[in-house]
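Quick heads-up: structures coming right below.
You will see chain A twice below: alongside chain B first, and alongside chain C after that.
Our next item is the complex of A and B:
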């Protein structure tokens, strides 16, 4: 009886961890370094353009660092060509494009979409 | 006098695809991204009453200037500008005080701006954009009051097609922004009257006052703004005769404030004539006020 309860708990914990892990791993984020970004009014255009890329769930800009972090929906990815095009259409230049780990993806704050 | 008024209004309206902030007294540097829109509304008031003659002319203009811009491509943006003004002129004539004036929509201006040079680096950008403006005679130029047909300086529209060409340059960093603009405006003839051509140089400094230090995210900025408009207007022509009491050179300075967020900006400024070298008895500016907002969408 005791063994049965223990096994049940272990199964529940394992399932929970598996579910959490699959969710976390499926959500990818990208840090995009943007040249030319220098005022809040400018940030709107780039957030709008990046937010329009298929699969982007959240966009967050750090104007002082000149970076935009795009967090994707589960399973979605972004290629550098799409990011470059969005940045250029917003009137800026792409300096860097980097995929982030799950911690950064889950840690992104409230941004525009 | 028409050229003087046109000069002052041009200082507000069009003496002005990409992304940067923008001055208060000219529109050419308004930022708009590809496929995006920007709407600017400005409420303005001008008092033009520096009159040394016995007529003691006192001209007051109050109105709203609407500007709508669209980013056709990364580099090309188009704008439409439509003013609405109430113009009132008080003067003494034959021992009596007279008031003349009217109100209505002025002429529609269409502008195209192309960013010809751009250099971006982290937290800063340099851009140079030539622009061309066509002003169509959409406003009424036949308005009358109880006395007679109003003079050109009081008509809502000029009745003429005007052309304006120039270039605007912007240097923007996270701490400040500098804009400089050079333009030339040639005015058409209507009803036997032609306002003098206008050449002008505009400069604008927008300095971030708050927040003093940038942390993460996109905080709203408060910019202190200091602008200067150096404007030279040639004499008006009536028929084949030059109006010796029109045109001249004026230097305005315009301190102001802007509150800048991602989606909108509110701004206000006062325009003060620092130097006025006007021809004959052309009316001089006392001051101007403007306040308004811009929205990105």
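Our next item is the complex of A and C:
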């Protein structure tokens, strides 16, 4: 009976650690809203500036929707100030900054342009 | 009594406004001096296969071949003048022969010059796709680039480069050494010789350097000695955009034909405009849409020796071909 409780506790701890690790190492993605994003000179400029931020693994632009999705390397994050600076350097103003969940992040690449 | 006064005052104001509108129209909205070009055909479609595009952004013609910058596919595709695929070269990366978002192109003396927006360089290829040279690198110093958008060649072989985020145009020797620049590095301006994200350049038959001053919605011209010559695009060519003839809504590409006439890709107006070298409006063609003769953002333009004009339809992921109407071909105008 005691052994059973111990085993159950160890399983619970192991599962908890695994869940924590998977969250910590998950690829985080951010959806960034920018006005006037129609020309590729603008889109590539934003991709280039955002791509230069440490930890950014992939940047994809949906020109029609005016959104940029930045996917981070495992465990990396981006703060809004860095995103704002990069978008301003590209000649635009940031209109929205939203962290996407892991599932959304995984799906973002497939849906983005 | 008061009502009659107000009516008379209103009528006079209406007449004055109408007169003012007529003056503005006559002063700033020119009439075409040639018929528009005729749509001949188109090729492309979105994808990664040969003959398909993922963001076509640049074009150049060399003899019987059309070179297209297929930007998100990081490659150059080559077609014959009818749009039949011939070959392709380039892949994503920064090694010699690889490309990082190729933009406006130029061809001269058997070489293709590619402005690489992400790699901050001009890469030179043989027309068969063999990488020949890399000019420049990232930065804001002399001979460096921050997102070059377009390149042209002077008669002596010097490169003229639209250095987009550095807000300048640079002239470099063929080995990349600095000759001079127009515009103040990193400073946007609307005065003569200043730029607001220059996107492309072209060299006229007399050596004049034409600059697509993208977000100033105008074209600026500089004499071969570098001195400012003239500018046009909207009232006083001072960052006023609009849909009227001779106005622009972001100029993204320039091309000069054998007679020194200039073609401009007018991106947000979904049309190509044609001018004489002094900026006189000659004609325009294209309108927004998906069908024949329509554009969804025209981004680049090139002209062949036979006077065919090739325009890149960015949003519809295709290249379109146009011909001048027969009477305008036979009627050489200044």
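As a working rule, the second predicted complex is superposed on the first by the 84 of 113 C-alpha atoms of A that agree within 3 Å, B and C clash if a C-alpha of one lies under 4 Å from a C-alpha of the other, contacts with A are read in each partner's own complex, and residues count from 1 in each chain.
To be clear about the criterion, a residue touches a chain if its C-beta (ideal position, glycine included) is under 8 Å from a C-beta of that chain, and two chains touch if they have at least 3 such contacts.
What you are looking at is a predicted structure, and each value in this text was computed from that prediction instead of being measured.
S.K.: First (chain B), second (chain C), both or neither: which does A:48 touch?
M.R.: Both partners, chain B and chain C.
S.K.: Name the chain, either chain B or chain C, that contacts more residues of chain A.
M.R.: Of chain B and chain C, more residues of chain A lie in contact with B.
S.K.: After superposition on the shared chain, which partner residues are touched by A:35: those of chain B (first), chain C (second), both, or neither?
M.R.: In the superposed model, A:35 contacts chain B only, not chain C.
S.K.: Tell me the contact category for A:92 with respect to chain B and chain C: first, second, both or neither.
M.R.: first
S.K.: Under the stated touch criterion, which partner chain does A:60 make contact with: chain B (first), chain C (second), both, or neither?
M.R.: first
S.K.: Which residues form the common part of the chain A surface touched by chain B and by chain C?
M.R.: 38-41, 44-45, 47-48, 91
S.K.: Would you pull the chain A residues touching chain B in the complex into a rising list?
M.R.: 33, 35-49, 60-66, 88-93, 95, 109, 112
S.K.: Can you name the residues of chain C that touch chain A in the complex?
M.R.: Residues 55, 57, 71, 101, 103, 117-118, 147, 149, 164-165, 197, 199, 214, 250, 252, 267-268, 297, 299, 314 of chain C touch chain A in their complex.
S.K.: Report the residues of chain B in contact with chain A in the complex, numbered from low to high.
M.R.: 17-21, 31-36, 74, 115, 118, 120-125, 172-174, 177, 214-221, 260-263, 265, 294, 296
S.K.: Which residues of chain A touch chain C once you look at their complex with the stated criterion?
M.R.: 38-41, 44-45, 47-48, 91
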